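In what follows, chain A forms one complex with chain B and a second complex with chain C.
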Partner chain A sequence: MRYGLGLRALRLMLRLLVLTILGFVLLPSVVVIIAAFSDRSILAFPPTGFSWRWFARALAYEDFQSGFRNGVIVMAWASSIALVIGSGVAIALHRYSFTGSRLLQAMLLAPLVVPHFTLGLGCLILAAQLGVARTMGLVVATHVVLVLPFVLRSVYVSLRNLDGRLEQAAASLGAPPGRVLWTVTLPLLAPGLAGGWLFAAILSFNEFTASLFVTAQRTQTLPVAMYNYVREYADPTMAALAAIYIAVTALLLLVANRFLGLGRVLAIDHGH
Partner chain B sequence: MRGRPFLGWFVAPGVLCALGLAAAMAAVLQYAVRAHIPGSLGVGGFTLENFSGMLRPLYASVFLQTVQLCALTALFSLLAGYPLAHALVHARSAAWKSAVLVIAVTPLFLGEVVRTYSWLTVLGNSGFINGALLWLGLIDSPVQLMFTRFGVVLALVHVTLPVMVIMLAAALSHINADYLRAAMSLGAGPVRGFLTVTLPLSMPGILAGTSTAFAWTFSAFATPQMIGGGRVNMVSNLVYQLGFASFNFPFAASLSVVGLALAAAVLALLRLGTARLERLA
Partner chain C sequence: MDAQVADMPASLAAPSRVPKLSVQRIGKRYGKLDALLPMDLDVAPGEFVTILGPSGSGKTTLLQIIAGLTEPTCGRLLIDGRNETDTPPHRRGIGVVFQNYALFPHLTVAENVAFPLQMRRMPAAELNRKVAATLEMVGLGGLQHRFPRELSGGQQQRVALARCFVYQPALIIMDEPLGALDRKLRETMQLEIRRLHRDTGATILFVTHDQDEALALSDRICLLNQARIEQLGTPQDIYERPASLFVADFIGLSNVLRGTLEAGGLRTADGLLPLPPGATPASGSLAALVIRPEHVELDPAEGPALAGRVTETVYAGSEHRLVVTLGSGASLILRRTASQGSLPLGAPVLLGWPAERAQLLRP
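Moving on to the complex of A and B:
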């Protein structure tokens, strides 16, 4: 074994490097969770005592409550509307060739590369020109545009994996196109639709930059409320909310990994 | 299948959405060539003054800084992401693999504000790093990490890392393991095998990851805003400031237009350069 010792040293170094990078990824989450339990009203390290009061304050803070409510409303509407629009377009793109299909696809995928501040600014200016006030409708419309590419992609990928012979069998047995769609295509697509909706919902709930442009005081979503809080106060209330956020997200991902196989969803593993 | 049943129904909502997006982009373009009326939200006649105003050193330096920050972030994100993606794809135990995956991907779902705020608790003058260094007696007074380019890049790398890892891992997992085995059996060591087989074959993932990291960083707002604190500015911060502090929406729009063109140009150059590299290799 010519490489024996060298190889082992290399492996060890690689492992250490990976652990260091994972530490870098985890560091802010760990630090903010520690800060959340601080007993002082300014951030300080090392902490001097332990308290739950910032959690109580975060949960009772009015702007966070209304931001959470607004965020859930926007998230539910935006991802549901995007799901309907996205699956329609995905099915059309998958099945038919029609004039302008490439243009339509490029337009709907554009929000992946156009900076969100440009999109937010555009929606704001457009609303002003049309005389539309900064209502929830405007926020929902902006979010639909932003999350649509992800839904489109998710549904399109599951359509490609769908066995077309099942639809043909139903059609050859006399089912009209509407019935094929409703009883064969859509049920088979269900996992892809659910995945696309979930992804859209998470992105919408967390969307900040575009939301900052199109929300007003009354319609602000949770990320905007958090940003405004950090600008005004320096106490660990925001740390407590961040800790809750991190705990819930990590839990959701662990569950998703257990039941869905995160690797498969993200296309890192395939066909084992 | 005969005919195209329901085509109109499938496509109409999408077309409507695309038209809305096109209208929003057109609104930005149109505002970019309108005059600003100080103290009013309305706009004046057509002008190119917004674009000539951008030639002032203040704005030119922000553009330059934005491109530099994006490039640095993409580079460090690649350097940190590659080992993680490699470990993810070549993990031997399932537990290690899912641990790496969940840790690497969780930040993606936290949102920019929560992540950036968390970095404030790390980088602040009374934050974790300074607290630790003071406690260890390595420094006497806090080191300034906030409002520096170092701090901004560190947090931006953290933001783009998950996407980089996902894209690299997807590319690495598609490489046929037989190629590396063939190289090793022909006498190549692990380092040479990696440099001559794995690395070139993962080039599509590197390209996709780097350009996505670049584009994401260009789009970043909360991170440079909160950690840069007005001292490290990117185009996004200037656009927001001009819009919501000076109510100069025409100038904000023209900055977005130039920013978008600049980002597209850099990405196209990156793609061109890599294509040439691949042909040479």
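Moving on to the complex of A and C:
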């Protein structure tokens, strides 16, 4: 009896602990979402009334609209370019060991540990030296450098899990190297490629620090536009935008999970 | 046209002295390690040759070189008399059945089998007909829309065979294709492979580490050990006339009696044993006599008689196996048919063998 009681108390405490941790993780988001429905024009918690007007303002604010458009364009280009470069490099690194292959790998993975601040500043100085204007091209180029390590890693891990004998089998069955790549290697890498692209896209869309350096008024992405807004206003528009952000991200994850399987996208499990 | 030629028995085909496959001084080094010492091997058209050997003996390396998946360090490889040493694998037209099958997991059974035909740009109607016929041949009709992971091991094996036989390659290499199957299924698949070999007339190079499989399937066995050919011959050759103690030990059960050669025979701890007729050994050197268990007799009418006691009996269904320990402590195994019956443990016995049944080998 006493033993059973102790065990039950322990279970209850464990459950409480899990709930506390969950609450701690979710609390900031919850506070922001609640604050977004405030009816007053200062960001305060708890809100005193209910209103949708900050959502309307967030959606109608022109800098947010252009920031969203720019963000999507940069995201699509940067993660797609990074996917092509990253896959090529990953395949080369996986298949051949050449002079400097380790150095190349180290350099491409470096942005994982270099602060985005450094990268953004570096890209800005470089662009100024070369006389390149702060165009979308510059933003895309900076983001490619930032997301490349993630794509490279994702594809490289998928390649490591790929059974090399399948490619050998395809070759022995009469497939020239190009068709082996197209009919066997790429389809088997598809989950890794999709996962890498998605990961890169999310990173690019949310990236702020480096973007702050390389964007101009015309090319600013959504996080930069949000930062600029907060510097001038302190109303709940930001909270409303954050709420929309959370809702859209959750929706995207649900869709990705439905059609791709989240485990496969995040390369948690491997279909062997 | 092709089908007619394939249907013709080998003896009626135009006599050809050109081997289907000719391995000439082919060797492979990895740094300082010899994966394969330079070796020669000719395989005649339509022949079934097994490459047998313990793991690490170079079997897979040899197979990979023939398939074009590994480059040899030295030597030449001829197929139908043409030098194909540097031809990439997809232009060799060799069928390969891989260990663990290497089926494409993202393609259905039918798509897997259709793959080599698509690579050869076969028209759709003919392709579908061939895929269906081949799947029927290996007993997989009705499973064409399944994915490999939805099949049992034996079924996956059949898909691998179908994918290989569907484009009728004249030369097929199989790398331990039955390694992952249980015994019963192995025996069924062995019969299947023999039937396919007979029906298609293909030349087959079969890699295994299983000596029973090698004896059962092959026209000839090429026994590899430590990166070189230990012996090349028919199963009967290899079983009855092993070229070395390694071969005698690797294939089947063997009794080995070691000693020193002298004028009248082999001096062992159990006395002077007669040599097989025709043996002309140098006196004073170390040697061993190898006798297969089925040639060991109880109470022999002639020849040497060694005294010993029965120390172990094994009942194996169709036969009894007796282990007899001799005075020196060496033990011999002999076989007795079920009707001859067993002997009680500890029974004293006299053993002998016809002198011509023993093999004299260097240790």
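Heads up, the rule we're going with is that the second predicted complex is superposed on the first by the 235 of 272 C-alpha atoms of A that agree within 3 Å, B and C clash if a C-alpha of one lies under 4 Å from a C-alpha of the other, contacts with A are read in each partner's own complex, and residues count from 1 in each chain.
The rule is short, and it goes like this: contacts are C-beta pairs under 8 Å (C-beta built on N, C-alpha and C of every residue); 3 or more make two chains touch, one makes a residue touch a chain.
Everything quoted here is computed from the prediction, not taken from an experiment.
After superposition onto chain A, the partners chain B and chain C occupy separate space and fit alongside each other.
In the superposed model, A:Ile246 makes contact with chain B only, not with chain C.
In the superposed model, A:Phe98 lies in contact with chain B only, and not with chain C. Shared-chain residue A:Ala171: touches chain B and chain C both. In the superposed model, A:Ser29 makes contact with chain B only, not with chain C. In the superposed three-chain arrangement, the CA centre of chain A forms the vertex of an angle with the CA centres of chain B and chain C, and that angle is 100 degrees when rounded to a multiple of 10. By the document's definition of touching, of the two partners only chain C reaches A:Arg179; chain B does not. Greater residue coverage of chain A by touch, when chain B is weighed against chain C, goes to B. Contact with chain C, but none with chain B, is seen for A:Pro187 once the two complexes are overlaid on the shared chain. Contacts of A:Asn161 after superposition on the shared chain: neither chain B nor chain C is touched.
In the superposition on chain A, no contact is made by A:Gln217 with either chain B or chain C. Least inter-chain distance for chain B and chain C in the combined superposition, rounded to the nearest angstrom, is 5, based on C-alpha atoms. Residues 171, 177 of chain A are contacted both by chain B in one complex and by chain C in the other.
Chain contact summary for the complex, chain B toward chain A: residues 1, 4-7, 9-15, 17-18, 20-25, 27-28, 31, 41, 80, 83-84, 86-89, 97-98, 100-107, 109-115, 117-122, 124, 126-128, 130-132, 135, 158, 161, 166, 169-170, 173, 189-191, 215, 218-222, 226, 236, 239-240, 243, 249, 252-253, 256, 259-260, 263.
Every residue of chain C that touches chain A in the complex is listed here, in rising order: 67-69, 88-90, 92-96, 98-100, 102, 104-106, 115-116, 119-120, 163, 167.
The part of chain A that touches chain C in the complex is made up of residues 163, 165-166, 168-177, 179-180, 183-184, 187-188, 271.
Within the complex formed with chain B, the residues of chain A that make contact are 3, 6-7, 10, 14, 17-18, 21-22, 24-29, 31-32, 34-35, 42-46, 84-86, 88-89, 91-92, 95-96, 98, 104, 107-108, 110-111, 113-119, 121-126, 128-129, 141, 144-145, 148, 171, 177-178, 181, 202, 205-209, 212-213, 223, 226-227, 230, 238-239, 241-242, 245-246, 249-250, 252-254, 257, 262-263, 266-270.
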